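Read through the structure below, which is laid out as structure tokens, and then see the notes.
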Amino acid sequence: MASDTASFNGKSIISIKFIKDNMLVFILFLELIMGVILSPVFLGKSNIYSILINLTIFGLLAIGQSLVMLVKEIDLSVGAIMAFGPIAAIALSKKILAVSGTEIIVGGNYVVDGLALIVVLVLFISALIGVLNGVIRVKAQVPSLIVTLGMLYVLSGLSYILSGGYSLYLTNLEGAKWLGNTKLASIPVNFILFLTVGVLVILVLKYTKVGHRIYSTGGNEKAAIYSGINTKFWKVIAFGLSGLCAGISALVYSSRLESVETIQGSGYELISIAIAVIGGITLEGGRGKIFGTIIASAILCIMLNILSLVGLIAWYKTIIVGLIIIGAASQHAFSRRTTE
Amino acid sequence: MEDMVIANEMNKNNLRQALLKNHTFILFIIMACVMIIGSIFVPSLMQKDNLLNVLRLASIVGLAAIGSTVVLLVGEIDLSIGSIMSLSLVTGGLMVGYGSVPALTVTCLTGIILGIVNGVFVTKLKINSLMVTLGTMSVFGGLANVATRGQSIFLYDSPLYLWLGRGYIGGIPVPVIIFLSVGIILSLLLRFTKTGKEIYFTGANKRAAWISGININKIKITAYAVSGLTAALAGPLLSSQTNRITPIQGVGFELSAIAVAVLGGTSLSGGKGTVIGTILGALTFQLLLNILTLSGVGTYMEQVLKGFLLIVIVVVYQVVDKPRG
Amino acid sequence: MRKITKLLCFLLIVMMVFTVVGCGGGEKEPAKTGDSQNNSGQPSSTGNEKIDALYAEVANLQGEDALKFFEGLKDKGLNDAEILQFFIDLPLSQANAQIAKIYKDEGFEMYGKSYPKGETYNDFQWSKGSGTKITGPYSKNDLKLPFTDYVALDEGTVGDASKKYKIGVVFHGFSHPWLINWADAAKWEADRHSNVELNVQDAEFDNNKWASIMDSFISQKVDGILVWPMVEAPTGPPVDRALEAGIPVVSVDRTSGSKEITSRITGNFPANGAQAGMYAIWKLAQEGDLNAKAVMLRKPLGSTADAVRTGHFLKVLSYFPGIEILKSYHDTDNREEAFTNAQSALQAYPEIDIFFGTGDHEALAALEAAKMANRLNSRKDGKKIMFLSIDDSKEAVTQVKDGLFEVNTPYTPLISDIGMRVLLNIVTKSAEMPQDVITPNIPMVTQKGDVIFGMQTQTPDQWYEYTFGPALK
Amino acid sequence: MQEPLLFLKNIHKQFPGVKALRGVDLTLEKGKIVSLVGTNGAGKSTLSNIIAGIYPPDSGEIFIEGKSVTISDPKVAEQLGVGIVHQEPTLALNMTVVENIFLNKELTRNRILLDLKKMKQESEKVLEFLGFQINVDKKVEELTLVEKEVVAIAQAMLVKPRILILDEVTAPLNKGEVDHLFKIIKDLRNNGMGIIFIGHKLQEIIEISDSIMVFRDGKNVGELIPSEKLSEKEVIALMLGVTLNEDLEAGEKASESEQREEVLNLINLSKQGLYENINFTLYKGEAVGFAGLKGSGITELFQSLQGIITFDDGEMYVKTRRVKFKNPKDGIDAGIGMVTNDRQKEGLALTLDVKENISVSSLKYLLNKLKLIDTKLLKDKAEKYVQALSIKTPSINQFVQNLSGGNQQKIVIAKWLLKNLDIILVDEPTRGVDVKAKNEIYKLLLNEKNNGKSLLVASPEIRELLNICDRILIVIGGRIVAEVHRNTKEFNEEDILSIIHSSHHYNTA
């Protein structure tokens, strides 16, 4: 008798799960259809390209954010990292290469040399900031909201100080535009990069210990500790990865606009959280899949694209986005309660 | 037996411990130091008008921070403060034609209503408050723009508005009076009303509160309403300084408000913190910015130090909160 | 506990490192000329021999002598326009070391050079009273477009009447008074032509969004694009992509990073700065003392508007060693911040003679701050602080009328209609358009309408109808 | 002779407020099963946690095969070949069965990629070995209580430990499952594994163990060797010892109250899977005890009576008024309040002070004419109850988190006393409370009873029920199986324990 009911529950749970898991995909299809109906150029090549690159920029941030949220933390500094990473990297490589006599900035704000070093430094610095967030979080036991909020202030200030407010041109920098503007077999490289990162993260989470560490850290820290997992370490790792993703996203951004500006990425932290939540990652930690995040970023980018194709004033866009966030959050809240 | 031991041992260093563990006290010390050091390096700091300016500015962000303190006390968070400020200002502004009084009334009412909307979403839909208010933040922000078509509303001939921001009563700026009186009234209410005590208890332990028969939904909604109201109150003070209402006036306030509240010793986990602390937090915050501006470290370095200060102070709180032994 | 302290030290060190590197970045060597394209000829060459000759004369004058020279310009046979041009192209003097250093450090020369200048299209001369009254389609403000006869275009269909012309417009800030009026003017012009179909997009001060909107215009194969680029560097590539796709792009007011852009309509940042400088000197001369202390309240570091205006302002002042720049405060185009900065300035400096604001917010904020601190007439022997304002919002010009602002040097958003007409001409191939369409310089507005170094200013009443933004009452 | 597999020497451990272990010695030979028995809080779980490296001992030594070891964290314990199944299974509910079984023990191919297939097979094998068919790809949160327990066991078995600690694993299992589990345990024993078994059902324990360690108040007070002759009674006797200090003087003993006014009446009260057909009547001034093991459904029954959870069917009458509470407030308004067994999670706001906690439910009655809190009154009330319950605190402004368990418990009770409820439900009145405080808590409960309050008391410690209650209902598997009145001869610890601990009744829930 008892076992029967159990298995029955089991079935009903499965079916709800099925709907829940595929909800996002349904919505995505719905959007695509809407797009086709509402705008003839929606499926136009260059429109798709412009969707894809936004997908890359936001998607990368959101993936990082999701990892942090999976370990039951939050990262408000990703947006600021997007500006600080490149700016600090360039300032540093300027000093470094100056030693060997190469002047990488001419005309005050034209970067002309040292791409390789800059790229490496961007990734390094971004990851470092992430790790710093994590270390403060776990060592000093300060809520991540505060740590990363403080970091947000610090970094955006430093970005201005470092750059003196100039936006830097990368137009004369050999190879700078490759990432943001080239296509392989008519697929933008940045999108390929995004997919690679996305798939890589998904695979790592599924097929290596890392996934188990992160999910158990966020899901039930006590259980994780009891089985001897160093949860603090994995929180730091999550923050580090989030920083790294922000760095990569910054590279794409800067390469697309062939420039680095002090305000780039400002406000993106909230968007990345929104995407993660729409994608089913909860702030309770340990729940949700990166795949969801990826679909969610597609949903958001396509939605914004459609809205601008139909020429809606920005005021209404923000309202719609807000409603979507609330809607998504409540939907996940409900569906989780039904499974419990 | 052990009880006795614990009891005596507590009796002994009760006071010392209580003080050293009291965030408000610590913050007070910090503020004192900031002032002393500041006044050494920046003579113009201690001038009367400068202090009045500091107070006036502290009042505005402080008011918003008080609201966010109350929300933090029930263990939730409010990211929509900025947008509530803009939207309530705007709805009021549209009424300015009918005189300042109705306008201001509408502003406050809007603030309360928007707060309640937040509260209802959080309690009834059982969504994480961070997400709810993140959503309402952009909804309210958008509405504010729609309402004014992105335009500013001038206050040149609304003396009452202007007086709110710039007037003096017995040599004390009106905003300061509003800020302090709201602050004091609220901290009294928190101390001396049923709801006030229930707010603390709910924040400290939701389930225990529920089992003890507290209607936690009502409590949370109340908290959000308060937050909405204070945000709405801060609005006119801000806009009257620059003679106009804009639909983006509150942008970014939510984060500063939370920062100030936390600076004032309010904990994000709920049930811990005082309005007085927040008031001190606001003063310290403004004082520091003022010192930095006066000493001319430059607009952007201020921001850096602002963030740094936030992290450091919270770390300090964390250290003193660590149970000894 | 020790861990924590260690951590804090670590944190501190990290900050220090960044800051050190930062200051390194900050005090970068004077930015040399941005790009060869704009680096045509000498900085101080107007192509007007008469004026060039004068520069040679003024070069090593300073203080009283320079003042005398300026006062003599009219007699040297310059008309109002030429006088203004003289001050715009005036080379920097080393007479005032402090100013010369600021000018150098902030790389104003680069900004100055790369800003387009030259003659107006068909030598158009603007005459007072001309223009058209409209109601802003978006803002519902009552406006008067000053330049509707510039690159004039008749109402009704354009080009091939049977064809629909799709025009995309991308800018920032449907929630910004200046910019929403900018959009108003563009839309008004487009609406006059029944076969023009408009799609106006707001990028909300996010250059990535700006680029995306450009791309979506490209994919919509619009016939032409009108843009307001917030900053140069990031807006170059998208514009170039559009041009590659064969879509003409016209920028109005600020310029994009693209060199090939079909056409750019520029306002008169240089005239703003120069006239503010002219007025300051003239007024000080009136008061009979060329020594003064000035505070500059400025837009965000690095914005063209800020750099070009400040640069041209400082050039004029650079001839007068008696002038001291107390400090520059930056804000993020936000009046509340500007207000706080002004308050701090008033605290930090007991003697301030001049407040120079590089945008509409800054001067207004300074005025309110001064009022509140009761410092309005705090100069020696009770003279009133000078407020030099730029951007002719109804709000600002009203202050001039009320005698609270000494001067306003107009900079109007109502030039995007010119851009729209230029674009339509290009799209319909009905007329050849130059790459740079210069808008006429607008003489500054002073309360009584004075003659400054021989140049006649306007009274608030004369200009008021052209001002932007909502009315105060 | 060879070194013992595990040897503990004079282990001490103190937690804030309570001494959990006061000098425990233990020897575990290869291929032996040692059972630890003792009343709650005797220190069994603490000891097993120390062996498993969850926390270190304050003093004492641990030898494994003669080598002195320090078990700094669980990973070390694992490497030393110690496997443990905790009392409350600690599983990551958001992860699948496989993931949980292999948590931090993942199998990999070429040291990077997880060997999902192998792990799946392995975990299926382990589960099969334990005799359970569980879909290993299911999320743990979707499993039944039993299945969770099994997964926890599988987790421990996986490392093929030399020493296996089973902490009350049989609680949720039914007879068949237990028998099967025992067969396995015996096999393991025969393969030379040393097993530490902690349980309550004495018959089981006598059946399975090679030796029985009896714990009392954080010491092991004796070792028994099971045999046909060894009876549950002997074990119980040793468990209880003669600790008079916990018993009240005869005078204070509860006495059957005279007046028979009905205050609470339950008819066939049931909740799916937790308890069924509960029928009983509570009279004014009466104290009724509920005896039963963990998971027997008593806690849930109490919760339904205050409305913390709702019952499915059956009828509930308070003073002949039929009620069904939707939330705790209803219960309180009807005069029923529960002292939950987890005061830290459900009873107190630790970061607030004593008076706040005592007054929280009664603020309504502490207002002055201005509808403001009458602080004077509040202070007096708080003082009064701190006095009455002799709560040891420097002042009523002390943060509750700084008080010992006993005083915290008293504060929770004080909260309801101040609220002046008619019926107080007490779940495990003295959990984590040291001996002295226990005594006082009994006194004050009795006192309230004599003041005409009605009490429902649930406790795994029969003695306290005997002290307080007029009659004791014995609940097993969510059903009332027996009732013992004070004036009957079964009204003693041995008889009641032997009913509870007898293996005849098993959970069917």
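Per-chain numbering from 1; labels A, B, C and D assigned in written order.
The criterion applied here is as follows: a contact is a pair of C-beta atoms (placed from the backbone, for glycine too) under 8 Å apart; a residue touches a chain by one contact, two chains touch by 3 or more.
The shown structure was predicted, so the numbers you read here are calculated from the model rather than taken from an experiment.
> Could you tell me which chains make contact with chain B and chain C both?
Under the touch definition, chain B and chain C have A as mutual neighbours.
> Does A-C or A-D have the larger number of C-beta pairs in contact?
A-C
> Report back the single chain whose CA centre is most distant from the CA centre of chain C.
Following the centroid criterion, the farthest chain would be D.
> Using the average of all C-alpha atoms in each chain as its centre, how far is it in Å between chain A and chain C?
37
> Distance between chain C and chain D based on Cα centroids, please, to the nearest Å.
Averaging C-alpha atoms per chain gives centres 76 Å apart.
> Just curious, how far off is chain D from chain B if you go by their C-alpha centres, in Å?
Distance between chain centres, rounded to whole Å: 44 Å.
> Any chance you could list the residues of chain D touching two or more other chains?
Not one residue of chain D touches more than one other chain, so the list is empty.
> Could you list which residues of chain C touch at least two other chains?
Answer for chain C, listing residues that touch two or more other chains: 4, 7, 11, 15, 19, 174-175, 301, 330.
> Out of chain A, which residues touch more than one other chain, so two or more?
Where chain A meets two or more other chains at a single residue, that happens at 136, 140, 154, 158, 160-161, 314-315.
> Can you name every chain pair that touches?
Applying the touch rule to all chain pairs gives A-B, A-C, A-D, B-C, B-D.
> Could you list, by residue number, the parts of chain A that touch chain B in their complex?
74, 136, 140-143, 145-147, 149-158, 160-161, 270, 273-274, 277, 282-284, 314-319, 321-326, 329-330, 333, 337
> Quick check: in the complex, which residue numbers of chain B touch chain D?
It comes out as residues 1-4, 6-7, 10-11, 14, 191-194, 196-198, 200-201, 204-205, 207-215, 271-272, 323.
> List the residues on chain B that touch chain A in their complex, please.
Residue positions touching the partner: 77, 121, 125-128, 130-132, 134-143, 145-146, 150, 255, 258-259, 262, 268-269, 298-308, 310-311, 314-315, 318-319.
> Report the residues of chain D in contact with chain B in the complex, numbered from low to high.
These residues of chain D touch chain B: 17-18, 306, 308, 327-329, 331-333, 338, 340, 345-352, 356, 359-361, 363-364, 367, 371-373, 375, 392-395, 398, 401-404, 406-407, 415, 434, 436-437.
> Considering the complex alone, what residue numbers of chain C touch chain B?
So the residues of chain C touching chain B come out as 1, 4, 7-8, 11, 15, 19, 138-141, 173-177, 180, 301, 327, 329-331, 335-336, 339-341, 343-344, 347-348, 364-365, 368, 371-373, 395, 469-470, 472-473.
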